[in-house]
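Here the chain labels run A, B, C, D and E in written order, and each chain numbers its own residues starting at 1.
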Amino acid sequence: MSWVNAIIQGILLGGLYALFACGLSLMFGVMKVVNLAHGDLAVVAAYIGLGVIAITHVPAVWAFVIVVPVFAVIGYVLQRTLLQAALDRGVLTTLLVTFGLSVVIENGLQQFFSANSHSINIGSLVSDSFSIGSQITIAYLDLVILVVAVVVLLGLQYFLSASASGRLIRAVADDPEAAQISGVSYRHVFGIAAAIAFGTVALAGLAFGMYSQFDPTIGTDQLLLFAFEAVVIGGLGSLWGTLAGGILLGVAQQIGAQIGAQYELLAGQLFFLAVLVLRPQGITSRKETA
Amino acid sequence: MTQRNESAPVLDVRDLTVHHGQLRALHGVSLSLPAGGVHAIIGANGAGKSTLMRTIAGLHRPTAGSVLLDGADVTALRPERRVAAGIALVPEARRLFASLTLEENLLVGQTSARPGPWTLDEVYALFGWMRERRSQRAAQLSGGEQQAVAIGRALVANPRVLLLDELSLGLAPVVVRQIYDLLPRLVDSGLSVLLVEQDVSQALRVASYAHCLLEGRITLAGHPAELTTQQIEAAYFGVGVSA
Amino acid sequence: MSSLGPDTTAAAGPPSVPPAAAQVRVTRARRSTLAAAAAVVLIVAVLAYLPYLVYSGTTNLLVNFFTLLIMASMWNLLAGYAGLVSVGQQAFVGLGAYGVLLLASHGTSPFLAIPVATAACAVLGLPVWWLVSRLRSGYFAITMWVIASVCELIISQIPSFGGGTGTGLPGLPGNPTLLTADTYWATLACAVLALGVVYLLLRSRIGLVLTAVRDDETGARSVGVRVASTQRLVFLVAAAGCGVAGALYIVSQQFVEPTAAFSVLWSAKMIFITVIGGIGTIEGPIIGTIIYFVLQQTLAQYGTWYFIALGLVAMAIAIWARRGIWGLIADRFGIRLFGVGYWLSPAGPPDRDRGSR
Amino acid sequence: GSGLKGSGPSGSTGTITIGFITPLTGSLAGFASGDKFVLSQIRQSPVYKNGIKIGGKTYKIAINVQDSQSDPTRAGQVAQQLILNDKVDLILTTSAPETTNPVAVACEKFGTPCVSTVVPWESWYGGLGGNPVKPTTKFEYCTTFFFGLEQFLGTFEPMWNRIHTNKVVACMYPNDPDGNAFRFGFEPLIKGSGYTVVDGGAYQDGTTDYTSMIADFKSHHCEVYSNAPLPPDFNTFWKQASQQGFKPKIATVAKVLLFPSDTVALGPLVVNIATDSWWGPYMPNHSSLTGQSAAELATAYQQKTGNQWVQSLGSSYSLFEVAKEALAAVSDPHDKKEVASALQTVNYTGMCGPLNFAAGPAPGVAIMAPVGVQWKKGTGKYPFEMKVVDNSLNKKVPIEAPLEPTNA
Amino acid sequence: MPEPAGPDLLRLDGVCKSFGKVVVADRLSLTVGAGDLVGIVGPNGAGKSSLFGLIAGDLRPSAGQIVFAGRPVTRLDATARCRMGIGRTFQVPRPFGGMTVLENVLVAVQQGAGLRRRPSYAAAAAVLDRTGLLGDANIPAERLGLLSRKRLEVARALATGPDLLLLDEVAGGLTDPEVAELVTIVRGISAQGVAVVWIEHVLHALTATVHRLLCLAGGTFIGDGAPAEVLALPEVREVFLGTEVTASLHQAGPRLADGQDREDR
């Protein structure tokens, strides 16, 4: 029974990872921006959420109604300026630019908002849960995060593969210049893609702000690597793969934790390596010849 | 389609100078393409033909000179806006969207399409093999197949001016013939074509006018019938032929 | 250093070679390279004598400088030449450090342990390479990071290494003056060796092969390049190089702790230094390390503002000086200190240069 | 005779330079949040402002502040730099082993007197290579003042005893310097006092899910909870514990909830969690530099910065008191050996109460007397306040509120 | 069908390959003798380039065997096959963009042909000279135009010192004088005993050079023999030259304005 619980909790945890990885999957997997500032951006979203709640007194759970659009706009602007400039100069440049951005964000937050930790207060939802049998307890918060992750990731997958805008995003990712001569404004399209990615980053930041507490440095310290792993396990460019990757990673960690608390993270990492040994392209992508 | 004064050029290139970094690839090139015209640009390797085409399409910013479409200056327009205005380029080396399917490539080509006769169905009808391969990814198409898709992608934008860079490159004779046979009909539908072609005889056969480009300058221009082989060869190679 | 000299040869090929080819020469080094060779010898000599000239505060700083220089050069070799962008080189930094710790706790002198730990890192690089060799770009980068994390997690489970608490390094000389001088010489020697290896590697046939593989792997295979073994060689050299840096790190810190030894900050610093200095050039990491050090020494007291400045510098250079500071310098003055390229002369005035001057 | 220049002559100038290494930036910056304020207070005190009289000569005192950036590597590097480049006479360092341990190692190696604080003495002692179980090694240059596992137990156990429980303690200690010190030092002490220990395992810092550990605690029916985690990890754990229905009757936490911001982040779930307090406005202590009381220092901080007082104000303050005590006892402040041995015998009463470096559990260790506190709903400006509920170790501190079960 | 000039250099036996539903090689068999000069034509997408991939080792056949110089090479990778003497060009040039033209060729000389130092420099200069790239030697390959890139492809393949040279559409886009120049180069290569297999759509280049022409379509050779003979085969005319089908193609175009449509019929 405790194993069943471990797996269920792993799936729930995976929801958090997947949601956190969603924006990364779009930026890294589709737009080829290695976004090292991803975690920090999520933290910024959480700070904005905090500010929005303090000023408008909206219920915390509804903060996303304001934060997500705000962040989407930030994403659009950032893409049209900094990130596009980096992307035009190659993938390695995005690595350095987003690294610089990460450092600036972390220290800017610390300078202006101190190193203090915060959390997004969601009242009793934070401790509410329901039980299945005597052993398995499921927290509403975790469940909500998982559901949001599933809806967002599958929705985006559908958007990318079936909608006209999604097609344009993929086209631009393939060859921006060719997109231009096909009548596509690639800066705008990528701006939109970044806006979507940042919207999901905002969701992830708010979710994490409710799930735990955040401070200026936590974005890179804790979740960034897990998010990258989820994206890679799932295969670059596949959002439902990222969802599966996040969940598998969560389950692997929980199975490790079931053996011993010291193996929780190790189990996740070893699982990741095992996946890449068996499927170097991630679990969902087709094998390709260059 | 609105009636136009036949003598008014649809595309007017005036004194175009383009640099690649320090290298001046075009020196004050001027040409005008009348509605319904098929102009060929011929010239040796590195003469600047592709640079001219790409500049007209908006991919290079000229250091001097201007590009006019229907008398309106489009020099400042971005490439995607030029597509909407009616300039479509089939680039050298095809440049398909490798991870998109054949059909998706064509659909992307419709993004800024003007109203006009060319639809996906028409393109499929033109290239018989395409319809059943439409969900194949572009990266997996053969070179010739890719060229055809690139042409299709430009056609569905229903341009007024079609720029074809190295049209026949890599195509089997059957396809080349098919595409060249198509040209007059494209022209009939109101399109004007600017064509870069290494195969001079082929180019001169279809063109109503030819410009010869040498080291970034137009050295010879005229109706194909009026140009002699010697003239062309002289213009083509100038003095500096590599041994 | 004899190979630094001009290495020119007339293309007196087989008899069938047409006259045009017979008149051309392929040159390896240009004049600035010769001057550089002399300068390098002089600089190394002065540096080696430094402990007799300056107080240990300076040499101690230089230890950090050279350690970073080694790491950045290795990352540059890996990413700039072999196209393998890794964010997990800290795996080898940590393994190098813990290698020294392991040997020292069994009675070996830490200084003697440095080469052994370095070799061990190269050996450990083999299974790691087996794991990552099939991966490219993003997959490779992230997997390396995960491997570093695995190393950290495993090491921090080992009680004799101090677990997650960390531990001091036993067996160092008690005299601080001697200790700093020895550490300095060891670091200097390793740095000279590491840069020398990188230079010779790039000057050898491997150098061309690496660039070819980076530019087009399929193309490289088709001209007979053994892609896998070349990349493996470079990967192992970089593993050893980062290992030696880690070994020097523990000797100079005299203390090691898993989170610090396997910190992703190492990779961040390597990337920062290399890209700022100019990736894909031997000079780049040197310039980059100098810039990084100057920034750190002058601005670190400003706390968060220092980091904000660092981040902005990284972004600005990445965007406005793609080829790094060295790229700017080299373009401006047309110099090249370490000549690894080939030059055909007289190449005849190529047609395509027309109008360029 | 080797001709090596070495570190050069130590300054024989009229200025004493004190290095102060603290994590001003990075993940541990919360610990150092009061340090800038403390420095401003210190610099205004007569000794630090006007200089100190030693052997008839007045020396000015310069303080060189360095940021460890919460990075052990950086901490070690700035320590070496302070010693070798800036020729400091003495190094003070604070806030968690990640900063204090590499600094102490460098000081011991390069022979520079060093005082640390806000690190359990066992972590510090072990980090220098000593064995805290048999603390016979005497470090020549390094000293520390704080407290240890015995004092943690001395603070926590009376609180446990006052709540009726089944005496089963859930222990959550990560695999890091503090966590390991608790695992190897604290658990035996708990067992020794008649409690049963359930160890949740040496999890890694930064773990994001604790449900299996919680399930373990639940299945052992633990009613007492003890830990030494990083703040965000505790936040996650405690929220999950409440979701999963793990509700220990008494929770006594170490290392977290020292700072008000963490309590706000946890929200109402923080009420009645107990922790240790080594300093606070309720301490009947006075500055040995100015005579300012603990309450006055806390009030001044709140007025100056608008933030709620933090415990590290007192400990950082005392670092400079200790430095002054040692310097006043030597004949040459630039003689590092002399300063170091003076440090080993400092015995004074100041902002952190009486500190005696000669009488500690190990050489060079001075022990403070913490009290047990619980977080209660605030009555004034701040949402939660720390209230003294148990003064077993320090009877001079008045009880402010009744001890209540964490989960009734 | 002309007999191979020498002993078999390359032999394909029942080689099969398909990509999903697309069959590019259906039990293909082929022999090429040392010093042969063979041309391959075929419609776009017939599998010509894929055939080169199979021979050079970039693609693995699903069945069948490939023998080169008397040794089975089916299991060897591209590197090993190159070092055994198979040199190839790519239809879409793949230069090493960050290196100069000289360095591009040097890699091939040093790795493919195994020469070192001075001999390798000499050989590289000779190859550059032969392919007319001497003037561009110090230019980074990424700055080359398409045609120079194609020349570089030939130069690089030649530099590996092959016994068998696979040329994939190297004349595409060349002017007539340039084609003539290329034909001379290829003839010269062949004269030195190197077997050449040349895929080309520019027929006059091919017919002027090769002794034997193959036409590939639908994964099999539908023609094999002297160029003129092969080009006269009705199947070849139909799928490759398109002479018979031209008329029907006119109907395949899009229906434009009504009036024009009628005119066309």
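Methods note: contacts are C-beta pairs under 8 Å (C-beta built on N, C-alpha and C of every residue); 3 or more make two chains touch, one makes a residue touch a chain.
In this text the structure is predicted, and so the values were computed from the model without any measurement.
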Chains contacting each of chain A and chain D, listed by label: C
Most remote chain, CA-based centroid, reference being chain A: E
Farthest chain relative to chain B (centres taken as mean CA coordinates): D
Whole-Å gap between the CA centroids of chain A and chain E: 47
Chain centre separation (chain A, chain B; CA means) in Å: 43
Distance from the mean Cα position of chain E to that of chain B, given in whole angstrom: 27
Intercentroid distance (Cα basis), chain C paired with chain A, Å: 33
For chain A, residues contacting two or more additional chains: 107, 110, 262, 265-266
Per-residue multi-chain contacts in chain D, two or more chains: 25, 175, 202, 204
Sequence positions of chain E contacting 2 or more other chains: 135
Of chain C, residues touching chain E in the complex: 9-14, 16-18, 20-21, 24, 26, 205, 208-209, 211-212, 214-216, 218-227, 280, 341-344, 347-352
Residues of chain B that touch chain E when the two form their complex: 44-46, 50, 92-93, 117-119, 121-123, 125-126, 128-129, 136, 140-145, 147-148, 166, 169-178, 181-182, 185, 188-189, 198-201, 233, 236-237, 241-243
Touching residues on chain D, where the partner in the complex is chain C: 2-8, 24-25, 65-67, 71-73, 76-77, 80-81, 84-87, 97-98, 101-102, 105-106, 109-111, 123, 126-129, 174-177, 179-181, 202, 204-205
Chain A residues touching chain C - in the complex, by the definition given at the top: 28-29, 34, 82, 85-86, 89-93, 95-97, 99-104, 106-108, 110-111, 225, 228-229, 231-232, 236, 262, 265-266, 269-270, 272-273, 276-277, 280-282, 290
Touch list for chain D against partner chain A, complex: 25-27, 29-30, 32-33, 70, 175, 200-204, 206-209, 211-213, 215, 231-232, 235-236, 239-240, 242-245, 259, 261-262, 264-267, 269, 307
